[in-house]
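As written, the chains take the letters A, B, C and D, and residue 1 is the first residue of each chain.
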C-alpha cells in the first residue's frame, strides 16, 4: 500500500527523521499556524505531480488560498486531489537521495543513496548512485551505514546526522514491512541538519495485518478493483474491451497475451485462483458484468479444481441472471467433456483451442 | 556480573514479569508499606542462602525486626549481608523452574524449564527438564515457546501467561547480554497468574559497557581482586601460599598445576597477559606483595613479549622497593639468556625447567 | 534421478489436519509419495489417511525420519513453521502458502541457506517427479514420466503446459512450481543447475512472467552453464506497468520486469520461445 | 598442505594502522605470509610496510583479491568488523580481539556458518603453518616445519609447548590457537577433522583447559573419527570452582568443566596426556 506523502512523513517523524513544519490544509484558517513562504503539495499516490501543477510555492495567504483552491480537486493522471499538504520552505544547502527497496535477485533490502538528490533517480547516472545490501539475518550494521555515508561527501557533523537518518529509516523499512521507503530530496539545511522534503512509503499488502495503526488509502484502486479486493477476488482493470476470466495469474496473463496476438484488447484481468466455490464464481461474473466488457473470455484449466464444478457455477449465474455480452469459453483439463456440455447447455460459445477461442473473442469484440 | 536478587527482579519488572510486592528493608519504618506475612531474604550473589539462615518468614513487625537484625551483617559463605529484601508472601499453587543460559557447545542460548520448580535444578531428574535452543540469527520464535510451554502441564490461560514470561525473559537475556537468567521458583498463583519468586541474573562482564544503567556490584571480588580489576590485571585469589605470576591464562594455570604436583599450594593467580610495560609489571608485583604470599613464582615465556623487557621491569621493582619473600623465576623463550642475567643480578632464584622451579617454590613455601 | 523430489523424500505435512492438508495428503499418497507424518499443534495422536499427526516438527522427525516438509499453514504462521522445520533438520521444504509478508520470506530463505536446506516457494504449487513423488498441490493426473524438466513461476499455466506435453506423449522428469512471489527460495538458476546435473533430464522448459529479473539472470546463466536445450514461455507481454497481475511478484516496477526484456534475454541465450503456452510441446517435438 | 593457513591465504588486516596492526603486519611479512591489504576507515591511500590501506573490506577485497582477514579491532567494533568481512566474501577469519561480548560472538559465528566461512577465535593468537603462513600474533621464531598439528585454547601455553617441540627437533604442520572464550568459531572437533584429512599431519596435540565440554566432545569425536595419534595437555587441574581463570571460558560452572572430567574423557579415547606442558615432546618422541 502506497502511503500519501503526509502519512509517510508521519512515520518518518515517528522514526526521528526531521520533516518541515507543515499540515494538511483545507481552509484559510488552517494556514494560521504556518509561516510563509509555504509549499502546497497535492497528495496523490504517484510521482510527477510537480509537472502536473500539483506543487506550488506561495508567499502569502492570498496566494495560498488561490493556489489551494486550484490544487484541490485537480486531476493528476487519474487521481483526484482530495488532500493538500502545506509545508514551510526549507533552507536547502544540498539535496541528497536516499531509498531502501527490495532486491528480488539478492533477496535482500537494497539501500541506494546519491549526492544528486531532488531529481528522478532514474535520470541519475549509475556511477553517482551508491548501493549497499543488508542481509536480513543480521539487519543493518554500522559498516553498511559507514559505506553509504562515506560516499556522499558530507562533513563530519552531517555524516553523523545522515547515519542516524539511515539507521532509523532502515528500522522503519523493516518494522513497517515496507516494499519501498524513499526520501527525495533528503536535504542538508543551512544549519547542517538533515531533513526529508518528500516521502514515498510503500507497505507490503500481505503484511498490513501487522500494521493496524495504518489506515488503508483507498485511492490506488478503481471502485471495481476495490470491490473485488473486499471480496477476495483478483481483479485488475485494463484499457480494452474484452473481459478475461481464468484460473491462475499466469494463465490469466497468458490469455490476455493470446488476445493481443489476435488484435484483441483485454479490459479486465480476473483470476479465479484455485476456487471451485459456485458463490465465488457468481461474484466474479457479477463483477465482470459491472465492468461492461464487449466480450467475456472464460479460460479454464481444470487441475485440482474440476472443470465441471466451475462450469456448473457459471451456468447457474448465466441462466439465473442473464448476461448481455457474448461469452467465449475454452475448457481444458479435469472433467473437460462434462464441463463443455454444461456450458453448451447454457448457450455459451466454446473454442477448441486457446488460439481458437482467443481469435473468436477478439473478432467479436471488434 | 551477578546481580543481587532484588536488582534482577527490577529487570524482570522492566520486562513485564511479575514479582511479589517488596522492597529493601533496613529499619522498622521500611515495613510500613508492606503487608504481613513477609519473607526476608539476604541479598548475596550466591545460592544456598536459605540453608545458611538467610531467608526467614515473618508474621508481624516484632518478628520482622528481630529477624532483620539477625540477617543483616550475617556471613554467608564469605559474603557479609548488607541488604535484605522483604517481600509479601505469595499464594503458591505450583512451582516451576525456568532459565536461559549459554550452551557453549551448540553456541546458542539454551532454555530450560521444569514443572518441578523450587528446588536446585541439579537435583531434578533429567527427564523432567525440558530444553530448547534458540538460534541467535533468528532469536526466539513462537515454536520454541510452544514446545517448552506444552511440556509444563499448564491450563490454557496459564500457558498464555507463561508464554509471555518466556518471551520477555528471552528479550531480557538478549538485550542485557546475560550469561544466565534463572527464575526458581516461577510460580503459578492461586489466581492463575505467573510470578517470579526468585531471580538470578548474570550479565556478561565484557558487555557491561552497553549497560550503563546497571551499577556494578562490588561484592563478588575480594578487595585485592577488585583493585586488580580496576588496574586491568587478571588476578584471582586462591587458598594457598604461593603467588604465581605468569604470562597467559593457560600458562598461569599450568604453573599452578605444576606446584600442586610438587605438593605446593597456589595462593594467587596473576596473569601478566601480553604486556611488557614496566609500569604494569610493577603494579602486578605490588598487588602480589599485598596478597602476602610465602613465595612468589614468576614463570615467563617470551614470545612477542621479550623476556628481557619483563625482567628489567621486575628488577626495577625489586631493587627499588624490595621484596620480603623469595622469588623463584623460570624464564623461557625470546631473549631468555639476557633475562636470566638480569634477574640473577636482582638476586632472584632461577629454576632450569618448569618442574625444577615448581619444586623449588613448593619446597620453600612449606 | 529427477531433481529435488524422488523416492527418498519422507514427507511431513505442516498444517495436516486442515481441509487442504487432509485432501492433499490423500492426493500425494495416491501419487506414490512417501508421506510419513503430519503436524498440527495440539492434535498429536490423530491420523490423517493413516498418516500419524504430531504436535511439533521435531517429534514428527524423531518418530518417522521425515526429511521433507510441505508447508500448508496460514500466511501469518508460515515463517514460524518454516523456522521450526529448519531447526528440526528438515532439508527440503515446499511452501505452498500465499500472501506471506515478503520480509518473512526473506528471513526464512536466508535461514534456509544457513541450514543448508532447499526451500521451494512460497506461493507455489509444489513439485512433482512423475512416477516418483509429488510434494505439493499439483494435479496428479496431468503428469507422465519422461525427460523434460519444467520450472515455472505460475501454477495453472504450468498445468496447462505439462498437460499439453503429456497429451503429445512428452513426459517430464520433474516439474517445479517456483512460486509467484517476489521472494522465492529456489530460482530458475537453481532449477537449471539441478536439471543440468540430472541424467534423466534431457531438456528444460521455463515458464516465466513479468516482474523482477529472474528470467534475465537465468538467460545469462544458460549461456555459460547449460548444455541442454531450453524452451520458455513468458506470460504478461501485454500487462501494463505498475499493476500487480495476480501474483505479488508479477508487476512491472519503474520500467523493470517487462516481458519484452525477458524474451529478448532468452532469445540471446539461444532459448526457444513459445507464443502460446500450448506451443511448447510443438517446439520440443521439432 | 597444512590446514586453514597456507600459501593460498591472501591476508587483509582489519585494524591495520594501530600499534598492533603495524607491528604484526611486519611480523607476518617476515614469516612469509602473503599480506595484501589493510583496512582502517578513513585511512585509505596510506601504506603499512608496503601494504596498501583501504577504507572498507570490500574495497580491499576488490583491489587485492584478499580471501582471509585478521581482525585486530577493539572489542566493541569486532562484530561489525567480522560482519563486514563476511559480507565482502572473506572465507577465513582470524579474530584476535579479546573481551568481545559473547552474544556478539554467537551472532558472528553463526553468520560465518551462513557465509560458509571459517572463523578462528575470538580471543586467540591466530594460526601458523611453519614455512607457509602465519595469520595472527604468534611469535614466529618458535616454529619449525614438520608433521605435528597443534590446536589449543591457550596462547602462551601453546608457545611453550610448540617451543619445546621445536627444541627437540619435532616440527609442526599447523598450530591453531582456538581462543580462550566460551564461544569460539573453530573447535577442537573442527581442528581434528582438518588434521585427520591433512596428509602432512602425522599426529595431533590438543591443549585444553577447564571450562565447557569441548574436550569431552573432542574425545568422543576422536574415538569414532580420528586415526592419527593424539596427545593432550589440560591446564587448570587445581583451579577452584566458580572462579574465572584469566580466560572468559576458563571457569568451572555448576560442577561442569573440570580438568578431571576432560582428562578422563581423553584417556578413555586413547589420547596420551602430558603432566607438564613441556612433556608433550617426550610423549611424541616415544
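Going forward, a residue touches a chain if its C-beta (ideal position, glycine included) is under 8 Å from a C-beta of that chain, and two chains touch if they have at least 3 such contacts.
Please read these numbers as outputs of a predicted model, since none were measured by experiment.
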| item | value |
| --- | --- |
| Centroid-based (C-alpha) most distant chain relative to chain C | B |
| Selected interface, B-D versus A-D, where C-beta contact pairs are more numerous | B-D |
| Gap in Å, rounded to a whole number, between the CA centres of chain D and chain A | 53 |
| Distance between the centres, which are taken as Cα means, of chain C and chain A, whole angstrom | 27 |
| Centroid distance [mean C-alpha coordinates] between chain B and chain A, Å | 57 |
| Per-residue overlap in chain D, given as positions that touch at least 2 other chains | 107, 110-111, 114 |
| Residue numbers of chain A (touch at least two other chains) | 135, 137-138 |
| Topology of the chain contact graph, where touching chains are joined (line, ring, star, complete, other) | complete |
| In the complex with chain A, residue positions of chain D that touch it | 41, 55-58, 77, 80-81, 83-84, 87, 107, 111, 114 |
| Complex interface listing, chain D residues touching chain C | 110, 113-114 |
| Of chain C, residues touching chain A in the complex | 27, 75-76, 99-104, 106-107, 109-111, 114, 137-139, 141-142, 152-160, 163, 180, 182-183, 207, 209-214, 217, 233, 235-240, 243-250, 254-255, 259, 275-278 |
| Residue numbers on chain A that touch chain B, as the complex places them | 137-138 |
| Footprint of chain C on chain A - complex, ascending | 102, 104-105, 107-109, 122, 135-137, 174, 177, 179, 204-207, 209-210, 234, 236, 238-239, 246-254, 256-261, 266, 269, 271, 274, 301-304, 332-334, 353-355 |
